[in-house]
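This is the structure I want to talk about, given as structure tokens.
Note that the chains are named A, B, C, D, E and F in the order they appear, and that numbering of residues resets to 1 at the start of each chain.
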Amino acid sequence: MRVTVSRKAHFNAAHRLYRKDWSDEQNEVIFGKCNNPNYHGHNYEIIASVTGEINKDTGYVIDVKFLKNIIKEEVEEAFDHKNLNLDVKEFKILNPTAENIVVVIYNKIKEKLDPKLDLEVTLYETPRNFVTYSGK
Amino acid sequence: MRVTVSRKAHFNAAHRLYRKDWSDEQNEVIFGKCNNPNYHGHNYEIIASVTGEINKDTGYVIDVKFLKNIIKEEVEEAFDHKNLNLDVKEFKILNPTAENIVVVIYNKIKEKLDPKLDLEVTLYETPRNFVTYSGK
Amino acid sequence: MRVTVSRKAHFNAAHRLYRKDWSDEQNEVIFGKCNNPNYHGHNYEIIASVTGEINKDTGYVIDVKFLKNIIKEEVEEAFDHKNLNLDVKEFKILNPTAENIVVVIYNKIKEKLDPKLDLEVTLYETPRNFVTYSGK
Amino acid sequence: MRVTVSRKAHFNAAHRLYRKDWSDEQNEVIFGKCNNPNYHGHNYEIIASVTGEINKDTGYVIDVKFLKNIIKEEVEEAFDHKNLNLDVKEFKILNPTAENIVVVIYNKIKEKLDPKLDLEVTLYETPRNFVTYSGK
Amino acid sequence: MRVTVSRKAHFNAAHRLYRKDWSDEQNEVIFGKCNNPNYHGHNYEIIASVTGEINKDTGYVIDVKFLKNIIKEEVEEAFDHKNLNLDVKEFKILNPTAENIVVVIYNKIKEKLDPKLDLEVTLYETPRNFVTYSGK
Amino acid sequence: MRVTVSRKAHFNAAHRLYRKDWSDEQNEVIFGKCNNPNYHGHNYEIIASVTGEINKDTGYVIDVKFLKNIIKEEVEEAFDHKNLNLDVKEFKILNPTAENIVVVIYNKIKEKLDPKLDLEVTLYETPRNFVTYSGK
């Protein structure tokens, strides 16, 4: 019996969509108001969903406290109240679009999990815009 | 890396569950209070979820502003503040159940997208009743 | 010790903003797309908030099951899956704006309550538009 | 055309994570504060999602009133305002973790459905912790 | 300029509505299924709202971290994952109705605040049932 | 009959809590991680609530489209996708705490309203932290 266990968390951050190797005009055309050089920000919400067999002894797929702590260390402490472009090493070069952020978060959480467990991560940039990645 | 980008939108509409080729009794038995001949209505919420490869240049699967505009033109302008049975051509004959509405919305959005992109649409008729279609 | 007890409920209805004694042009200018002659609709949410002294014996201001039943009889059974303009006697003449609906609901609930209890009603027409009335 | 129809419901219950065949120390180490011998509780939310072909006559995959009634009989009447460990026969022996509860709910609903219909159940223990099972 | 600063928090607890000095029949008549002797439970949400003048130096009415810590110490650590009737001294005698709980929480938070600040507390027992107390 | 009409809107912005006339140490002690010199950000939600008499002719206290446009011009266009400290003139000197932002928004909306109408503004910095101001 494979069950999915999901945990929701959040972090608040500033960012800017921008490529250093593009002209200001090109950044403006592609990224519009998300390219404001002074940054804007979001209350990001994330859902990390872990799928695996139920352990017969504990009745758990994964102890949700363990999952909560991985998210805390890998995502909240790394990203909360930060400027993603300036303060987070993964986005020094990589443009912090929602798509790129969700892949970075997926990779950070996945490597802390038992490899037998599958992972899917959903990232809400706003309540109306969100992205999902499951390593495929 | 295939990522899913989702955009939420809404429209308010009146409708009635009803088949012209059925007797009033049969409509009443099958559709109950949803068959009120004077119509009732909902705040419909939709989530359009587009899946594809991340474009290495932009970091986008799809520009969410582009997706937002497709939903605006194909769904909001077509359905918002309308009577689905009387004002929307797709439901002149087709009974506007949530299942039929979500398929109509899927088809309208799908044909505006790059064929390489997959689409799934979820339609909330109420916060407790919703339907999902992905073209399968 | 005066405490406020609130109960949330909902109903789905069609309506149209419209005055019979106005020309079509005037209705159109003032009510815009809300004046669609074929109606549109909403999932209305209501919150009825009752304020009074805590009864020392029961620890209740009002038994919430009693409040729930008043809302069921006076609001849900009267308005749910109805066309407010055509099916609800209070709006045969009165234009069913959110403001007018909330006053009607307030009056219907208030007269079923012990006169010592204060009442406030909030009506959500959409998650972004709502109105509140407390009999003042 | 296969569409998924989802219905949301809820129940309030007390529970305790605990195995009779373990020592108090072992229960404490594994289940922490969820092992409080006096119980704690939750407002559980469930989403039952049924997938199948749209019936051409009715425009329904399943009449949502029928699904609502199955959930009412099998889940709400069985679990609401109950102590899962003491009052619900399925958890007399089985530890009521979210994972085990969602599998029990899935099995109870699945056997009331037409076997051609697929089912997925999501159970929210809190708004931040939830589990999903689809019989795989 | 008086501004209200609100902070939302939550705790999960079991309880039972019950008076020791009443017969079982009387408890059953008044409290119904909330009187289950084996307890049931809720995810309680609380909102503590503090009103006062903006401090010209800091731009704060109250540092929200300070308010968050009061709620953590006085409410979350005292009530979370507890049986209110058995584990919480305030409800050893007092019946833990929502009304009585919100007054207890109000009193615990109020005495930790600067007396110049006004307080209002809202307690959600479920998303549809909630109570509010402001010391009046 | 005085009714309150509320409209919800949102904007995404970066900010930093900081006073130029304080030392870095003092800013750090008082504002903690909110003082990150590279900024962080939020999805701010606002609710503007306007109270007045129902106009007998229209059934409106205020046309919600008119209120929506005031919020759009005075708040969304001024603050959305901006850095509050750098891009918004009101916060060139004033520290953009939630308390100060809500007073600025109140003043901007209030002066566009008929003076007979009362106004209250609630600003959500996160779903758990929010502030309210009504000009008192």
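The rule is short, and it goes like this: a residue touches a chain if its C-beta (ideal position, glycine included) is under 8 Å from a C-beta of that chain, and two chains touch if they have at least 3 such contacts.
Computed from a predicted structure; not experimentally measured.
**Student:** For chain A and chain E, what is the smallest step count along a path of chains that touch one another?
**Tutor:** 2
**Student:** Report which of B-D and D-E is connected by more C-beta pairs in contact.
**Tutor:** Looking at contacts between chains, D-E has the larger number.
**Student:** Pick out the pair in B-D, D-E or E-F whose interface repeats that of A-F, meaning over half of the contact pairs match by residue number.
**Tutor:** Looking at which residue pairs coincide with A-F, the repeat is D-E.
**Student:** Using only Cα atoms to place each chain's centre, name the chain farthest from chain B.
**Tutor:** E
**Student:** On a C-alpha centroid basis, what's the spacing between chain D and chain F, in Å?
**Tutor:** About 42 Å, centre to centre.
**Student:** Measuring centre to centre with CA averages, how many angstrom lie between chain C and chain F?
**Tutor:** Roughly 29 Å, centre to centre.
**Student:** Distance-wise, how many Å sit between the C-alpha centres of chain B and chain F, to the nearest whole number?
**Tutor:** 34
**Student:** What residues in chain F touch two or more of the other chains?
**Tutor:** In chain F, 127 touch at least two other chains.
**Student:** Following the definition at the start, I'd like every touching pair of chains, please.
**Tutor:** So, checking each combination of chains, I get A-B, A-D, A-F, B-C, B-D, C-E, C-F, D-E, E-F as the touching pairs.
**Student:** Applying the document's contact rule, which stretches of chain A touch chain D when the two form their complex?
**Tutor:** Answer in residue numbers: 1-9, 49, 54, 58-61, 63-65.
**Student:** Across the complex, what residues on chain D touch chain A?
**Tutor:** 17, 30, 32, 94-100, 102-103, 127-133, 136
**Student:** Sort out for me which residues of chain E touch chain D in the complex.
**Tutor:** Contacts found on chain E: 10, 12-15, 33-34, 36, 38-43, 80-83, 86-87, 126-127.
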